[in-house]
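Sharing a structure, written as structure tokens. Questions coming.
We call the chains A, B and C, going by the order they appear; numbering starts again at 1 in every chain.
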Amino acid sequence: MAVARVLDAGMADRVKVSLTGARDGRGFLFRTLLQLALLLTVVILAALLVQVLTLGWETLATRLGDFLTAESRSRAHEAGVFQGLRGTLWIGVITTLVAFPLGVSAAVYLEEYAPRNRMTAFIELNIRNLAGVPSVVYGILAYTIFVTLLRPVTGGKTALSGALAVAVLVLPVVIITSAEAIRAVPDSLREAGFGVGATRWEVIRSHVLPYAAPGILTGTLLSLGRALGEAAPLILVGAVAGSVGYSGGLLDPGQLREQFTAMPIVIATWSTNARPGFDQITAAAIVVLLVVVLMANAAAIGLRNRFEKKR
Amino acid sequence: MAEESRKSFHRDLSEVRNDVAVLATMVTEAVTRSTDALLSADMAACQRIIDADDAADELSRHIEDRCFRLLALQQPMAADLRTLAASMRINSDLERSADLAVNIAKGARRIYGQEIPPRLRGLVGQMSEESVRLVRLAIDAYTETNGALGAALDDIDNRLDQLQVDFVQTMFEVYANDKLALQPAVQLALISRFFERIGDHAVNIGERVWFMASGESHERVRSTIELVVATGRTETVDQP
Amino acid sequence: MTVDLDSAVVAKGAVAPPAPLPVLTANDLQVYYGDFQAVRNVHLAIPRNEIVAMIGPSGCGKSTVLRCFNRMNELIDGCRVTGHVCYHGVDLYDPRVDAVEVRRRIGMVFQKPNPFPKSVYENVVFGPRIAGVARAEFDGIVESSLRKAALWDEVKDRLKASALGLSGGQQQRLCIARAIASNPDVLLMDEPCSALDPIATGRIEDLMHELKADYTIVIVTHNMQQAARVSDRTAFFTVEVSSDSDRRTGVLVEYDDTEKIFSNPSDSRTENYVTGRFG
């Protein structure tokens, strides 16, 4: 049957009017507001970067090598960030070695083994709350436990104590992000494993962890990068606000049992120094810390891509 | 589409078609054998034909069950659906034809001891051959899904109809010359009618085959053809 | 496994037409989620080398019953089973029976194709690998399993490619191959075609006909016509809503030859369901 002939002539016009309709004015306004919010964020970030780079540029351009290898001095043009870098490096290494296995294990237990009861829910709630506790509080905790109680192990106010303090600080975040990543593994994958007679451990090892690995790695390393910029807990466990007496090399693990400082401490100390030239080297130190954190993030992204390809 | 799907259903469907062809063969054999028994007055053969009908009934029931089962369980579509529907009806046409062959054998028993005049013997032989030929053509059309052959059976059947008319005519003449008693004359008239009915069933089968192949009812085709013949128009005309 | 035969199971006798050698039997099966009863009084016997379909409206417990046959229901928190489910006469819920061993003998195919995000080859050998089969046998297992699943010709040139690159129908056949590779003798299928198009569905149904020679198959399906097409026997489940509370419990209404269920069912509830007169 010829449909076109059945429709009367006015029909097409009426349909056209109702289908095209008026423009959505409020939607347009909303969209513009969202764009402004994004613009504002980008502008603030860019201003921050430009300010730090222009201020620190002279130092970085003229004496980068010296700046990275020199120790902290009282005269700005001789001072360097070597001790801060060494401390931050070791804190990063130990924090990763402690927080990653502990956090992922806890997350696997919570998601795959723990019975769904009030106790588990209570523990999960507390972990979430711990992630929101200010870092100063972790500093006090770390001082009591690592510096005082565990002095025979840590050696007191050492880089090891600092690293453990940061590890405890990031642990809740690592657990939460890992648990989220594990929860995002589709149940169909677990069923597939169980369905062919795999044990729970085989399902977790062969399917759940590989599938969740990109999410776990990204979350963990991003939280680590953020933690490397924390000054408060390190100050509380006794990071030195000046030149450190210990003189080992960058990769010397002796640092762990010795007095230490770290990049955020160096920056905080220099920024309050009113003598000429310190503004500039503070900015340069900030750039160095930014680069370190960016490198950690790049590693996170690189690892994630590798795991996703394997999926 | 890469590969056939629903293989097992299609296998079942072709088995149904085979069974129908087997049933048709049983019909043609029964017709030939009952004609022989009639003309040779072989009473033992008549009994064998009557007994053998149980096998045909059994096969027919089996085909019907099978078709019903496939309709109930397999949701046949399009050509498959038409094939099944047509097969069920063809099955009942064949089952009726087998019964008619048995009726011929029973008629032979009733005229036992009476001589059949030579002119009538010849016509009986011709009617038998013609009805067997019609059933064979119908089943060829069915197994090959040849709709045109199926539709043509109506015209082919004219010869058998004519033979029957001739047979009755001849019988009256023979009867008038006192060459035939009333009792066998009635029986022979009935027997000629049985042959003619077998031909009609073959025509029915042909119509089912046309439907199976084309999806159109035979009545519609016939009226279209008649209309074309009557008006000389060649384009298809829609029926209300 | 050395588990005693449970004589109580044989004695009660399942409500089913006379059947040769049941592989699986459910006797007086009750399933609870917490204190809520999901399925009540199921009696079923699944004969060897047959396809049994379980049909019924949503929430009638057919999938729950299916999962009781290889203890997959245990993965759901709070699920509890009473009564007996016997596999060759051995009660699967005997505390000495290991669920992992059960699942190696009674494989499962799920609603959504769920291949592992690995290669086709790795998908098939996962079961044999964890069962400790020698590596040297893997190639043979992969080929025979994929052949049985009617997938070999389509994937033999890309065994090392990711299984996620296959079409939905191919993925589902891969999942069947993966289940077969563990050498089970029962395959449980939980709506295996509901995510597939009609052509892929037809292919899986053909495959089931072929697999019948070697395996016993239990399939849950939302698609009545599919149950009619593929199965030898059909179990119809329905939901009973209790009058005082709003609790919905699944019950087995009728279990019979598929032809009987779809052409002349004994119970009016079955008749109403298969003819579409059921609300």
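Assume a contact is a pair of C-beta atoms (placed from the backbone, for glycine too) under 8 Å apart; a residue touches a chain by one contact, two chains touch by 3 or more.
Given the structure is predicted, the values throughout are model-derived calculations rather than measurements.
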| item | value |
| --- | --- |
| Labels of chains that are neighbours to subunit B and to subunit C | none |
| Identity of the most central chain, Cα criterion | C |
| Intercentroid distance (Cα basis), subunit C paired with subunit A, Å | 46 |
| Geometric centre distance via CA averages, subunit B-subunit A, whole Å | 88 |
| Multi-partner residues of subunit B (at least 2 other chains) | none |
| In the complex with subunit C, residue positions of subunit A that touch it | 115-116, 186, 188-199, 202, 206-207, 210-211, 311 |
| Subunit C - residues contacting subunit B, complex | 199, 202-203, 205-206, 209, 225, 228-229, 258-259, 262-263 |
| Partner subunit A, residues of subunit C touching it in the complex | 70, 72, 75, 77, 100-104, 107-110, 112, 114-117, 126-127, 130-131, 175, 178-179, 181-182 |
| Residue ranges of subunit B touching subunit C (in the complex, touch as defined) | 1, 3, 5-9, 68-69, 72-75 |
